[in-house]
Structures are given as structure tokens and as C-alpha cells.
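These are the structures, in C-alpha cells.
Common to both upcoming complexes is chain A, partnered first by chain B, then by chain C.
Let's look at the complex of A and B:
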């Protein structure tokens, strides 16, 4: 017998989410599952593999220090980038929150504008600043401070700078959102109880804004450690990160089982950072930071 | 607020302002440099400026691969924006209004595409279609872009939907409106800012997408970002700076224009019903 449909019937809900759910299953869940299976396939030759199960890929990954080195470097670069973002991003977020400037919306809009500008363009535009014919070198040469252009591009510093550039708005918005959530009377209360402004900041504002800062750090770390384009454009071959390694293994060597293994490794490593974070902080802050 | 900035707080506040200005300069200096250089008469894509010229824009307009990539990206982004917005709005409606088992898990699943690195999403889908022996097609690329845009559209519309009280819809229903017309006549109009915001964001996410598109695009197809990337492999030419400037105009101009139109629309509405707003 058919049950009558109620106003907020769960069956209707499933019908409504069906298109997105199917997309998520076929384009997100299933691919990752198949990829996990692929890590046990046997690599025969470029572009060819058999479904004979083997642990050779995992063995190679775990024993060859080449891969471990790549992973460590990627995590190091991601962590440095995230920390720099946290330090540099907190100031603007605090300033926008605390300012009495009438056109505060303009400062916020300017933070969102970079999201609209193509990431590739934002990245290559650094070549116009740091390159041999970039602003800095040309200016220093003209002033006679240097006689040879400084090699500022194609090194790890340039890669971190480029990632900082595209991640800072994420961080600032995350911190700003959590600062906005603070009840300002708490700060006035702290001040009236005799706190100096530094103490009020240390004891009230900073702790209450930590969730946003933590969400920003996680987001910046994950996005930096998973990046592909920035090391490609601003780094030399030595500055390639894990994402580049995956791309080269699959698109260059056509070694699909190894490429799948590396992808799963990155997924698990970054996923465990996210899991540790949500264990302590919950999901809601990330949701807010992404625009919710 | 004033108390916070008094005395010893003053220098700290000044430092904060100084760092803020530096960060804003840091964010926009490279973009400004690119725009300026696109008008450089010099043969090389760099400083110093040797004169003002529009020649690189003229050259760009005759660059067939670039134009083809632009058209490809444009229609992919339009389809992505339309489909993502439609399905995303319906999904957030279900997530906000309904109670069902697995809702929490679904809410988490929906934002995952924004958190999983694109390289992994890219490889995963490729491995899947290789496993079932399918070619890379345009449809696959478009669906992939939709996947990447869904989290943002859902989050934006969800946040707005929470603020729309369900009694409005239920009032329409009790007056005899059908489910669909109550959604169309009540919910959707109230949701419009989020719908437009979501659509614009979906458009730019698709138009911008680089890493995943490198994996998913069919053989021989270039989108705008992958085209720029392959041009950069040769050298940075003034033409690329011109291309970058055009892209900035498109991707910044469209949302700004949309926002302005939206603002004037709400202002017009406000003038019609001033008392409603005042309350």
C-alpha cells in the first residue's frame, strides 16, 4: 500500500537532492573508490595496466625515499604558506572589523575581487613583478643599486609568494567572519574591568577569533599542499610539489596505478588533517568561511 | 571602540593599518602591473615601458586559438552556471526545509568538492572513465565543472534560505497554491540575491578552472586557462598581458555589473514599499 505524501515528505527530499547526489556519487565518491582499487593494479607499460592485484605500487611508494621527500616538501611548503597567511591575514581582518571607516564595504569588496580574477592570471602576473624584466629588477637596475637582475623567480620563495597571494583572501575572510561573531560588549567589559587594550585583545578577542583562524589555516594548508599551477608557473623543476608529481606520473609517464597511489596518499594525508580539525572544531566554521 | 584605540593601543592600531595597506598592495600590485604592461609598445613582455600601444589587443583579436578557447570557456561556464544554480537551489531547499535520514552526511558530502584538491578530483574521474573504457568528452568536462561549483552555490543559497521563514510558503499552500507555484511565487523571489550570487560564482569558478580542466578536457580542446598556461610555456609576451587584462575585465566586470543592477533593483523596490522595509 502506498503511503500518502506528507508536506515535508522525506521521499520528496530525496527526489529534490537526486541530481546533485547522483553527480556527487559518480564524480566524487565512485572515482575515489575506483582510484583506491587502482592502487593495487599492475603497471605493465606506459598507458597499460592489468587488474592483477599487487602491492608493488604501495611498496614502491613506501620504500623509495623519492616519494617521501616529495611528500615532506609539499607538507612543509603548505605549512609555511598557511602560517604566513595566518600572520599576514589577521591584521587586515582585524582592521576591517575594527575600523570606523565609512566605506568598509569597499575593503571587503576588494577582498572578494581577487576570487573573480583568473587564478592563472593572478599567478603569472607575478612574473611581471619578480622577473628579470619585472618591476623590482628594472627599478633597481635604473637606480643603479644592482648591475645584474636578481634571480627572484623560479625558486621556492616565488612559489610560496604566489600561493600566499591567492590564499590570503580566504584567510582574511575566515578570520573576519569569526571576528564579526564576537559580542563587542565583551571587549568593553574587559576594558572597564581595567584591561589594557593589549590585554583585552589577548584575553578576549584573540581566543574568540581562533576558530576562524584555525579554519583559515586548514583551508590554506590544504589548498597550498594540493596546488599544481603555482609551482608549475613560478617554480623551477626542483620546486615541483606533490600535485605536479601526480600530474607527471599520469599525463607524462602514463603510469596510472602509481598516479592513483600518489593521489590516494595525498587524499589520505590532507584528509587526516581535515579530520583532526573537524574533530576539535566541527564543520561549521569551514562552511562559514567558504561563503555560507 | 574609542577606548580600545586610546593610549598604548594607538601604535598597535597604526601597525595594523600599515600591514593592512601592505597586504592590499601585495594583492593588487601584480594585477596592476599586468594591466599596465598590456599597453606597452615594447616587443618584450616586461618593463620598462617604451610607449603606449594597443597593438597587443589587435593581435589578440586575430589569434584564432585564443578566440576558440575563449568561446569554449564561455559556453562551458554558462552551462555550468545555469545547471549548478538550478540543481543547487533545489538541493538547498531540500536540505533546509526537510528532515530526512542522512541529511547531515549529505550536507558534508556536498561541500567536499571544495575541500578535496583538484588534482585528486581530476585524477579520480580520469581513472574511473579509463576503468570503464570511456573517452573524455565535453559532457564530462561540463559535469566536472558543475561538481566543482555545487558546494559554493549550495552554501550561498542555503544561508539565504535559512532566513526565509517557511510560513510564507505554507500560507501560499494553504490558500490553494500548488507546491511548485508556491516555490516559484514565494521562495524563489525571496531567494533571488543568493541565486544571482551563486550563478555568478559558478560562472567564474568554471571560467577560471585550470588544474581539473587539464585532466578532464577532451583531446585537442583548450579552455581559456589551459590556453594561457600553454602560451606561458613558451614565454611571457605582451599579448598574454593583454589577454589577462581582457579576462580581468570580463570576470570582474560581470559580477560588479550584476551587483550594481541588483542593488538598483532592490532600491527601486524599496521606493515602492517604503513602510515594509522600515519595520
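Let's look at the complex of A and C:
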């Protein structure tokens, strides 16, 4: 006898989840698996590789300190960017949450407006701001504050600034969503029990908004560490990150097996970091921060 | 242009008369064409639909603007075949895309000469051109065709233009006299530390290091000295540019005052009134570019396009627009005064005044040197 369908039938659950699962398999798992397989292919010459299996690419990665150095540098720059995003992003989020401005949606819209412009163009715009003939240098020179243009472009500072510009909205939105989830009567209760505004913030608002901050930090860190356009445009060769290394290996050296190895390494490192982070922060907290 | 059956038969006839086809093959193909025409069905017409567009990928910027204006637009007006265009900043980038695409997705590439030709050949990406379909090839400089033919007797590319990577400098900061006196050594002048630029490309970096160390770029003996010089330039450089647009931006905005640069892009800057000087030091890096037809392309239409591009009137207009001399032999075709004044122009048609990279020598070392350059460029 055929089993009848029920409301909470596991078959129905599988059926509903199947499209997403298939999408994940085809567009995430399968490409990563292909990349993983490529790491064992043999590089012959630029643009030519064979499927003869070898561990040479992994051996090179594990024995050449050049790659490890780049990885550490990338993690450092990613961490600095994420922390700066956290510090700089919290205040606008807090302001938007706390304001009594009638059209709060307008402030949120302003956060999203930069996304209407191409990321590359937004990054390029910094050249006109930080360059030798950029707005800042020209203004300072005309005011007589400096006699030589300040070297603000093509260094690590410019790269971090470019990434801050790109990532801050993500941080602000995460923190804002988390703040919106706070029951405001808790703050009123803290105040009525004698807390000053600062104490209420420290004891109630900040701890309760941490999930959003934590989610924002993770998101900003992963995006910054995986970035390659910003270092390419705003940095010098020395400011390249691991993403640039992958780009150069695949697009410049046309060495796909090694490029695939480096890609898988970055994926594993950032994936492991995200896994450990969520393990300690608690996945539910992160999801709460992301989803409100 | 739609290649009608009539046109195809006409071409077949031409090939027969030129001796490319035997009488038997000609008659067989003609009979097959006649049978096909007789059995023509509506669905077959669709299946055999004529090519309506050709895909072209080039370097963008002023170079591609000139090709588009003086070659593609008139070609489309004449033939009704649209030229769909894409751009790339670095040819390795387009090779990667071609590798991941289906044959025929990419068709004609404005490629960087023999050095890159080898990569397409090694990757199995080349086609075989029927030179009879490109009669204007008769005007192309033989010294430019020979290196390609050495690699593949049946060509997949036709040389189209050439130029040099010389030294560009800001005349407000560096006088022409100083530039002439120092030549390639300007890139290593500590006086301009932080204001030096350069093409982010292994061949260019190694080439200029060879000139700085007094070595023959096509027979390097001391690679340690080369890499030491490459590092020296890196430490003085503000930015290594990776596209013509970026080069023009850096020079015009004064971010850099001296760099190795593509002659045509500098000529474009000069035309725009920027205070930029240019000189080709002894042994300056000369290169040629070609129109390469990839495997899987509609050959007849691509050949027709290249033939149109090589028509003297078209090639001259493009050359003037992009500021690079054409591949036309000046002893066979009367070129304009403007072209004769372009940097790198060789009026003898022998190309002996220019130093090109030996493709086999450079291809042999390409992988190792590119890897080393990528590391040095990132501070290693």
C-alpha cells in the first residue's frame, strides 16, 4: 500500500529542498571538486596541462615559504580591514538605529546607493582622490600646507581604504539588523535601575548587538581576504594579496594546476576560519546577526 | 555579408583556376553543391544559415577605436556582417577565456605577435588560413610573415601592425637632452625614485634589464644580473601598469614621469597635447601584432574581414588612427607622411632596424621567467 503524503512528510521536505540542493551541488560543490582535481594535474607549459596525476603542485605550495608568507599577509590585511570596518561601521549603524528621524528608510537607502555604481568604478574613484593630482593633494598644495604631494596611493593603506569603502555597508547593515532586534524596553529597564546612558550601552546594547558585529566581522574578513581587484588597482605589486597570486598564476603564467592549488588553499583556509569562528561564536548567533 | 551559394561556387571556381583544387575535386564539390541546392528544404536553409557576425577581441582604447572606426564599421556597411567586439588588458587573460570557451566563441584576436602565437599553437587553438582568400597578404611585409611561418607553415594569423616599447618621459620634468643621454638608464635613475613606471610584463622587464646590463636580449648569459636590475627598477617604481589605458592615465596625471611605454599610446597622448616625450633607446624592444583566427571560427568570413582590414586604404587609415605603422610593405604600397613619421616606422621594409624577440628562445624560458617576474613584482 502506498504511503499517503502528510503535512510534515520527510519526502515533502526533501522535495522542497531539492532545488536548492541541486543548485548547491552544480554551482558550488561540483566546481570546487573540479578545482580540487585540477590541483593534481601536471603543468606542461603556459596554457597546457595534462591529466597525468602528480602531487608536485601541493609539494611546491607546502615547501615554498613564498606562498605561506603571502597567506599570512592576506590574513593580516583581512583582519585589519575587518576590525576597522567593525570600529567604523558600528557608529553609523547605532546612529541609524537610534535616530528619531521620520524617514529612517532614507538613511538605509543611502547605505545601498553605492552598490548602484560598479565596484570597479568606485575603486577607481580613489585614484582621483588620493592621487598626486587628486583632490586631497591639490587642495593641500594650494593651501600651502604641503610642498610635495603626499604618497597616498599604491600602498597598503590605499588598499585597506578601498576595501573599507567597499565593505563598510555590509558591516553597518549587519550591526543595524542586530540592533533592530533588541527589545528597547531592556534599555529603559537598565536606565530605570540607575544605569547611565553609557552604562546601558555597555551592559545591554553592545552585548546584544554582538552577534551582528560578529557576523559583519566574519563577512568583511572573508571578503577582504579574498579580494583581488582593490589591491590590483590601488596597491603596488608589493601590496598584492593571495587573490592576486591566484590571478597571476592562472591568467599570467597560464598555470591552471598551480592556480587551482592556490585557490583550494584559500578556500580551505577561509572556510576553516569561518568554521572555527562560528564554532566559538555560535552559528545561531551569526545567523541571527545576518538575518535579524 | 552572407556567403550565398553563388559566392561559394565563385570562390570554388577561383580556387580551381588558381590551381588550389584538382579538376576532379572541383567537379565533385560543384556537383555536391548543385545537389544540395536542388534538395534545399526550409529547415536546411536555417541550419546552413549564413554567418551574420564575427567576434573580435583586441586591446581596447585608442587602438581598438581606430580599428572599429576605419575597418569594422566600413566592413559592416559593405558586407552586413556585424563585428562583435571584446577587449582585454593582457593577452594571457584572453587565452584563459578562450581555453574555457567552446571553439568558435572567440574568433579573431588582435594578438601580440610570434611570442604569443606559440602559446596558441601549443594550446591547440590555431586554425589554418586559406591565404588565397586574403589576396591583400601580398602587400604584407615578408619579414613579418616569416617568423609565423617558421612555427606553422600553414598560417593561423596575419601580421597587422608593429611598434616598439621605448621610453616615455614627462618633458616638464625630464628634458629631451637628458632622456637622449640616459636612454634606458632613465628607468634606473634614483633621481626619479617613486615616479618611475613600467609595463607589468615579464618580457618588457627582462628586455630592459638586459639593455641595462649590456646583454643581448635574445641571448642572456647572466640571469642573476638581470633579476637584480629588475628588482632595482621595481624598487624605484611607483606602479607597474597593466593596460594601455592605465599607462596613459598614469602619464597624463603625472603620477609617473618616466616609464617604458608603447609607442602608439604615447603618440596618442602627444596628440592630446600632453607634455610627453618618447625615445627608442638602442636595442629598444620591437614587437608586432597580428590578426589571429582561432580554431572553430567561420573561416571564410574571418578571412574576408582580414582581407578587408589589409586593404591599403583601410590599413593606412587604421594605422594613422592607432598610431602604429601597418604591416604593409612600404616598397609595395605608398604610405602617408603621417605614418612615415610614426615611432618605429621602418621605411626599408626589411625590419632590420628593429630588434624583435627571438620567439623560440623566449618561449623556451617563458614559464620560468614569468614565474620569477611575478614573484619579484610582489616584493620577492
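Simple rule for what comes next: the second predicted complex is superposed on the first by the 250 of 292 C-alpha atoms of A that agree within 3 Å, B and C clash if a C-alpha of one lies under 4 Å from a C-alpha of the other, contacts with A are read in each partner's own complex, and residues count from 1 in each chain.
Definition applied: a residue touches a chain if its C-beta (ideal position, glycine included) is under 8 Å from a C-beta of that chain, and two chains touch if they have at least 3 such contacts.
Keep in mind it's a predicted model, so treat the numbers as computed, not measured.
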First (chain B), second (chain C), both or neither: which does A:131 touch? both
Contact-wise, after the overlay, does A:183 reach chain B, chain C, both or neither (first, second, both, neither)? neither
Under the stated touch criterion, which partner chain does A:153 make contact with: chain B (first), chain C (second), both, or neither? second
Partner chain in contact with A:250 - chain B first, chain C second, else both or neither: both
Output check: A:48 vs chain B and chain C. Expected answer is one of first, second, both, neither. What do you get? second
Counting residues of chain A touched by each of chain B and chain C, the higher count belongs to B
Quick one: is A:191 in contact with chain B, with chain C, with both, or with neither? Answer first, second, both or neither. first
Check the residue A:237 against both partner chains and state whether it touches chain B (first), chain C (second), both, or neither. second
Residue overlap on chain A between the chain B contact set and the chain C contact set? 127, 131-133, 232, 250-251
Which chain C residues qualify as touching chain A in the complex? 90, 92-93, 95-96, 99, 119, 122-123, 194, 200, 234, 237-240, 242, 249, 253-255, 366-367, 370-371, 374-375, 377-380
Which residues of chain A touch chain C in the complex? 45-48, 66, 70, 127, 131-133, 151, 153-154, 232, 236-238, 240, 244-245, 248-255
Could you please specify the touching residues of chain B with respect to chain A in the complex? 1, 3-9, 12-13, 15-17, 19-20, 23-24, 26-31, 33-34, 37, 44-48, 87-88, 90-91, 93-95, 97-101, 103, 106, 108-121, 123-128, 130-131, 143-144, 146-147, 150-152, 154-156, 158-159, 170, 173, 201, 204, 207-208, 210-211, 214-215, 224-225, 228-229, 232, 236, 240-241, 244, 247-248, 251-252, 255
In the complex with chain B, residue positions of chain A that touch it: 7-10, 12-14, 16-17, 19-21, 23-24, 26-32, 34-35, 38, 88-89, 91-92, 94-96, 98, 100, 107, 110, 113-122, 124-129, 131-135, 138-139, 142, 165, 168-169, 172, 184, 187-188, 191, 196-198, 200-201, 219, 222-223, 225-229, 232-233, 243, 246-247, 250-251, 256, 259-260, 263, 266-267, 270, 274, 283, 286-287, 290-292
